[in-house]
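Several structures are given next for inspection.
Heads up, the next two complexes both have subunit A, just with different partners, subunit B and then subunit C.
The block that comes next holds the complex of A and B.
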């Protein structure tokens, strides 16, 4: 199973400061994506592994094929937990040349990983120590000379080992509700930077591409961010953000634009690039928005609070839940409040406290019952398809599984998926 | 190697036409010197597909030295004809003419074709009168272009060479193409025209191909119908004997790797010349291979900082150097890709360079690195010093590319940095390909008997 880079595993030993590319011989039996990630996690359990990976279709034209993952033992639960790598990070994870990356041990100094075109480099990150996620992203992109590099980083919250720490993707929140950024911080792994210009091989390229495009054409049209708001019973969020909305944005290969870019440092109607370096932020979390809206926050300070949480590398949903009770207005006040967040609240979404999401956490409010959400996550993380998109689009899982053979010469069945997580 | 390129390389036509070179492999010199743009790299694809690995990448200095006495073919691609002619001078022209008279083959595409047209009587081109043909696309006062303004004109004395169509055109056989299989397939032979000449060839027997049409995969600085009228029926490729040798002048880039049928046309012309070169065939294979390898004391690492890398302990030195080359080529092409998003071009001499050219050079090394890695994995010998120099060289390219991008992004003049980077890339790519072809030649020599028996179906003799 050489197609889709499947089977190429990078072992990073931070104790020794070395990298090694190895064949993952068990790949055929474990299954792809997170199933392989879990097997690697168990295999290297003694070294407190932090596993980065991508699903089988990530980086391809299959609709919603944006998903990668980070897997480690959560400091919150002591159990293995997963954070999604969406936006363009999951696809770039695959294009960087590695399906899976296992980070073992702890570095003696801050470092970041630079994964590019199948090459793995460990770079000194001493100069990034204490930097927020925006500064970190800018610094790495500047150093490597390209603005499309995807940067998965731990902000100051992760470096401090905060229970609220959450992995960031470039400047934005990731949906890490398990404090995996604190695991990165504990290893002195400040960031993982990704870029690749390669092309993914498919076993039967023309068949794979044709079927992927057919799937896209047949997928239900949804309204992106608005669909999520409606699905969680809070359509008002969209109207609340509307005065600040500049554009909507989707993740890699996804027809559903479920993130909203808001501007509050210049007029949202300004389309061309201006002198304002940071005109606003990308709202990636309907749940965080909902907490703040329900707490009585005005949209603009709420967005500023989300920006502050993104910069700190804080779990935006739990942070918003903690902030919700005390609406603020001033920028300095907000920044101070974000820095003093304690992580005193439980799971990000109230329903998450009652429902057993297993590995996956409550990174979006439930779009259906827990069983359906679990099933969508399992399929999504194996195949590299965003589970939110899976649920909103009504994509038929059977059709997706039919793509496995032309993609990588593997036969997968829906019924087998739950066993992979056994 | 990427999709379309990989598909083209797999075209079965190459297997058939490589037979012309199996009995004795010609020694090929590819011009990469002053005035050469990036397009000479395309020759390496064609030669590789034809199984010709005795290839050296030479400059005007080599031509003015003794390099042509060690070559059977001289291939000159696109670029700045004025710079080529100026740097080679009358002495270079004499060397090339003597090379052809003695039985060599000269193939010029685009600028390499303009260079050798006898109809061009203008210094510094006058001494390069290798083939009786003239340029049609010349005008004292060309109309304003509808697109591609930066590609449209080049000064030509008191007049201008202009390019009415830029991109894919179609070829029909001329009288000299009698028996050429390239024209046997259905439809016209498609080929790319990137500023090459539209020719007027007085002797019809010397016309290998005419322009027969344009396609939708072309841009039209002139209105399409007018451009079509100008080129259709005019000559695209001229071929003639000169002494014992052959001269080919081609407006389009027959060697472009995405055009297999166009490649076949060129391969047939080379093959026919080679098959009647009995004396040269007897001499083939006795060249001094060291002539193609850059001197060991060439310093291409000046100013390059040490790489910030981590390499697993216990890795063999060849693997370390190859990994460093891979690392730096990857770093540089990632920056190069970023540059392609920026609205910038650079004029070097008479030639306009786009940022895309940076990555084109880098891809030639990138696509061939797996071969070197496979050699290392099989513990076959690799020249360590050369690999280390290449690694340092590509490290320098990464630094230059980042500096260039910073300059462009900050709106500063980046001409000097672009010149420096592109010059370095051209030298380094020639050096990399020299090493690559030398190693492939070694492999070929070791496997020659079985290759001949397997592929040609006759004993090696």
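The block that comes next holds the complex of A and C.
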């Protein structure tokens, strides 16, 4: 069973400094994606596992098929929790040749894991100790001579074991609201670097491709945060960001471009590659943006604050919520405020009550239909489809399940997915 | 007839690369397509699309789009670094005629950043 790499697991033993690729024989019964990740987490529980995984369709043209995950025991709750690997990270992980990676134990020195071409190497990361996520991403890309490597890293907050720590994907933070970056820091695992030059085979390629393209043709297409704001009845983030907006960006294979690149170190209208090396920030968090906007922050200092939090490896949602009460204007003030964040706030959304589903944290926006959001998270993390896109696009889960057999010979349905999560 | 690019409409989802790669390999990858998303300058959000034909490269840079003869390309071939497969050694776009379909990159682009002319 090697379609979509379903059934393979990489075991990384940081105590011994070894890597080993093994068959995951239980994959048939557990199911793919996060369901397999949870089974592996439980199987290796004694070794305090940190599981990196990707959903079944990640890396394919199924609409929204960008999603991977990080799974570990959260220092905040003591229970297993998930952080999403979006942007290109989840898909590139699959295309690097691995769909599941279990990191066990603790290294004796800082290391990073380099996954590429079906090969896993553990590299010394002593030189990266104390570096922020931007410096870490740049350093790994420079060392490997490859500018499209995806870097999942812990910043200084993660190294320090801060409960505000949050994993960063390249430069842009992530939806980690469970301090899983502190788990990385505790293992002296500074980063996981990915490059996806592999090839994904489907069991029935023509049927899979044809059905995926049919879904794409009817898929909802959006640009900006509009659909998220409309869905939760929140004010318009796009209008707030507009004076700084350069372009909008999608995650891998997603028809909805719900990240916005803003420029504040050069004019947003500059289109060419100028001498300004760090012109701005990719704003990926609607929740963090809403907290700052509703706290009275102007867009520019708010975006600078999000940059500072991303660099430090701090959870932008909890950070923004704490910062929201005290708008700041200056760069130095903002950097100092970010460094002195106390983690006094939970990872809720400003509109509505905080929703906490344990495993999925507070990543879901506060919509009336909580059960539907929970189901979307389960389906999304198993199939590798962004749950936000799944929810807001109205993409039919039944149509997605029809793709499972031609993809990898797997039969799935809603009830079976609910069973996977106990 | 050729595939052209409206670079500012592109959001960088890479669906065009996946569809083209499938056309050549019946599998999903980012290394065999005749069309390539240029994303080597992520921190600057400098992103474009390159389409290889047997005569030239149609390069959609944010600041403008146009064709460059293969012999006139000064450097790169898509960028990305040591492990990237340069577009110059990939198959040239055949408008998907070999599989009897409309150009798949155009068909799957969610934001009409690609068109035929």
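Assume the second predicted complex is superposed on the first by the 407 of 422 C-alpha atoms of A that agree within 3 Å, B and C clash if a C-alpha of one lies under 4 Å from a C-alpha of the other, contacts with A are read in each partner's own complex, and residues count from 1 in each chain.
We take it that a contact is a pair of C-beta atoms (placed from the backbone, for glycine too) under 8 Å apart; a residue touches a chain by one contact, two chains touch by 3 or more.
Just so you know, these numbers come straight off a predicted model, no measurement behind them.
Peer 1: When the two structures are overlaid on chain A, which partner does A:18 contact: first (subunit B), second (subunit C), both, or neither?
Peer 2: It touches subunit B, and subunit C stays clear.
Peer 1: Go through the superposed model and pick first if A:124 touches only subunit B, second if only subunit C, both, or neither.
Peer 2: The first partner, subunit B, only.
Peer 1: After superposition on the shared chain, which partner residues are touched by A:199: those of subunit B (first), subunit C (second), both, or neither?
Peer 2: both
Peer 1: Quick check for you: in the superposed arrangement, does A:28 touch first (subunit B), second (subunit C), both or neither?
Peer 2: Neither subunit B nor subunit C is touched by A:28.
Peer 1: Have a look at where A:116 lands relative to subunit B and subunit C in the superposition and call it first, second, both or neither.
Peer 2: both
Peer 1: Output check: A:146 vs subunit B and subunit C. Expected answer is one of first, second, both, neither. What do you get?
Peer 2: both
Peer 1: Looking at the overlay, what does A:278 touch: subunit B (first), subunit C (second), both, or neither?
Peer 2: second
Peer 1: By residue count, which of the two partners contacts subunit A more extensively, subunit B or subunit C?
Peer 2: C
Peer 1: Following superposition on chain A, which residues of subunit A contact subunit B and also contact subunit C?
Peer 2: 116-117, 144-149, 195, 197, 199, 205.
Peer 1: Help me check something: in the complex, which residues belonging to subunit A touch subunit C?
Peer 2: 59-61, 88, 95, 116-117, 134, 138, 141, 144-149, 170-171, 195-202, 205-206, 209, 213, 216-217, 219, 221, 223, 246-255, 257, 261, 263, 271-274, 276-280, 282
Peer 1: Taking the complex as given, what residues does subunit C use to touch subunit A?
Peer 2: Interface residues on subunit C, with respect to subunit A: 8, 11-15, 18-19, 22, 25-32, 39-47, 61-63, 79-85, 104, 107-108, 110-111.
Peer 1: Looking at the complex, which residues from subunit A come into contact with subunit B?
Peer 2: Touch list, subunit A to subunit B: 16-20, 116-119, 121-124, 144-149, 195, 197, 199, 205.
Peer 1: Applying the document's contact rule, which stretches of subunit B touch subunit A when the two form their complex?
Peer 2: Answer in residue numbers: 2-3, 308-313, 323, 326-327, 330-331, 333-335, 337-338, 366, 398, 401-402, 405-406.
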